[in-house]
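A, B, C and D label the chains in the order they appear, each numbered from 1.
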Amino acid sequence: MKRIIAVIGPGTAGEETIREAEEIGRLIARRNAILICGGLGGAMEAAAKGAQMEGGITLGILPGSDRGGANPYIAIPVATGFGDGRNVIIVRTADAVIAVGGAYGTLSEIAFGLKMGKPVIGLHTWEVKGILHAVNPDDAVRKAFQALEGP
Amino acid sequence: MKRIIAVIGPGTAGEETIREAEEIGRLIARRNAILICGGLGGAMEAAAKGAQMEGGITLGILPGSDRGGANPYIAIPVATGFGDGRNVIIVRTADAVIAVGGAYGTLSEIAFGLKMGKPVIGLHTWEVKGILHAVNPDDAVRKAFQALEGP
Amino acid sequence: MKRIIAVIGPGTAGEETIREAEEIGRLIARRNAILICGGLGGAMEAAAKGAQMEGGITLGILPGSDRGGANPYIAIPVATGFGDGRNVIIVRTADAVIAVGGAYGTLSEIAFGLKMGKPVIGLHTWEVKGILHAVNPDDAVRKAFQALEGP
Amino acid sequence: MKRIIAVIGPGTAGEETIREAEEIGRLIARRNAILICGGLGGAMEAAAKGAQMEGGITLGILPGSDRGGANPYIAIPVATGFGDGRNVIIVRTADAVIAVGGAYGTLSEIAFGLKMGKPVIGLHTWEVKGILHAVNPDDAVRKAFQALEGP
């Protein structure tokens, strides 16, 4: 079964976060893993765009009841209708979680990832005990796979 | 965006239901739609097997917290950890719902499908006002797409 | 711990259903049990009104994100934000379920109740194998408590 | 309608956290508000105990499918079966959130509270931008009500 890697980040993001999220998405797809995210805009859209440009599978777990809410780079949208409750599903489904940038929603996902004992990699995001900090997208994706597969 | 069709049915199913679910899965994949189901055994597994044999995408929305619970024909497992609450997500995400055989879980999904105003096709399943009854797998899949696209 | 009895029924209900739901709510409170319902209008509001008139505790599990959506007879509102997913919570929390009247949402709750192996009593509602049918509110409440406590 | 105040904190807590949570529960009940919490042990149990000792209403939103999992001071248990997804429900239902001590689950609830724009008061808990820090239980409860009602 393919690895599933979550990219979590703000729905409204600055240029740098967008660029980083897109690069992370690209690198996840290159490693033949499925990208899972919240399916909306900002960092989620950038990560999905990056993954799709590399031919990867993009899975978007939406808060709303309507698949139409997904960004255009989501190949497989899941309409939960559970609002913020969908954050739990993203993290549960992922093997590892990469947080980039981040507002409060991202923080909730970091917390769930650490609670569930999954590797949580952070790039320019919240400081929380247990996060593995990365210095750039390449380092973030490398650390995620290292945590899963060993060096 | 691809169509997403749900196949709902019992986790423990008789031979005929298994055969019908597999054929329905096959026909959904041939029409280039994504199959969504509950990801477990019985009718869900048969439908996913049929779809995968035709090269289709299979999406399994699991009740448990562990992706490992998915049947072997699920390419894209989503671990919700929401128990029966995941039934809502299956139906919300689908464009149309095909019920085959069926125990109480299936009935809950039929009810959600009808409540949400989606086409619900039934094959040897519960009698509920609003279901479009089909006589065989081919008829079921044809009726589902007709309801979405017109004759 | 007090018994918790669910009353499930349509949000838009006819006069007879309203009268029956209110009487059921009253009888549940007289037996010192907590009433749980979906917290909105119609049969849910009538049942809560009946229970509150008898000094009972009324617990409303709302689909929306805002407690303000509860009907005025709900003493304890729970805002799930999970839409129809809240139906699962109502049934899981209840010791027994009484369905009165009913549209598709009610049918989903009947299905969950039967799936979870809980007593499901029906009054002028869906015909589903496993429901105990009652002839009036008094009979419905009596049957619910009999199922829990024996005759 | 009564105020609903959430007390969030770890299921396994040290003596000081227990003492503080119990005192917070007591003060919430004295102000005639409903206490909502996760319904399990540790800080949740202590807060419920405090509130119940003062005659307050205690509402426990449980992660599991069985009401029996509630601590003995929960008068009104809600069995969600949604695991960590129930954290969203606790915060959504509350008018204000008081975090005491705290592990990763608590952090997720702090994040949801801040995301939803609710007052989040912290006592010996995570440092997150937006939390109002309190120096003791009395200060915490006072700050929560001040945020809701003005000074």
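As a working rule, a contact is a pair of C-beta atoms (placed from the backbone, for glycine too) under 8 Å apart; a residue touches a chain by one contact, two chains touch by 3 or more.
Being a predicted model, the structure only gives us computed values, none of them experimental.
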| item | value |
| --- | --- |
| Pair joined by the larger number of C-beta contacts - A-C, A-D | A-D |
| Most distant chain from subunit C, judged by the mean position of its C-alpha atoms | A |
| CA centroid of subunit A to CA centroid of subunit D, Å | 29 |
| Approximate Å spacing (C-alpha centroids) for the pair subunit A, subunit C | 40 |
| Residues within subunit A bordering two or more other chains | 65, 81-85, 88-89 |
| Residues of subunit B defined as touching subunit A within the complex | 1-2, 4, 34, 57, 59, 61, 65, 67, 75-82, 85, 88-89, 92-93 |
| Residues of subunit C that touch subunit A when the two form their complex | 65, 81-85 |
| Residues on subunit C engaged by subunit B in the complex (per definition of touch) | 82-85, 87-89, 103-105, 107-108, 110-112, 114-116, 126, 128, 130 |
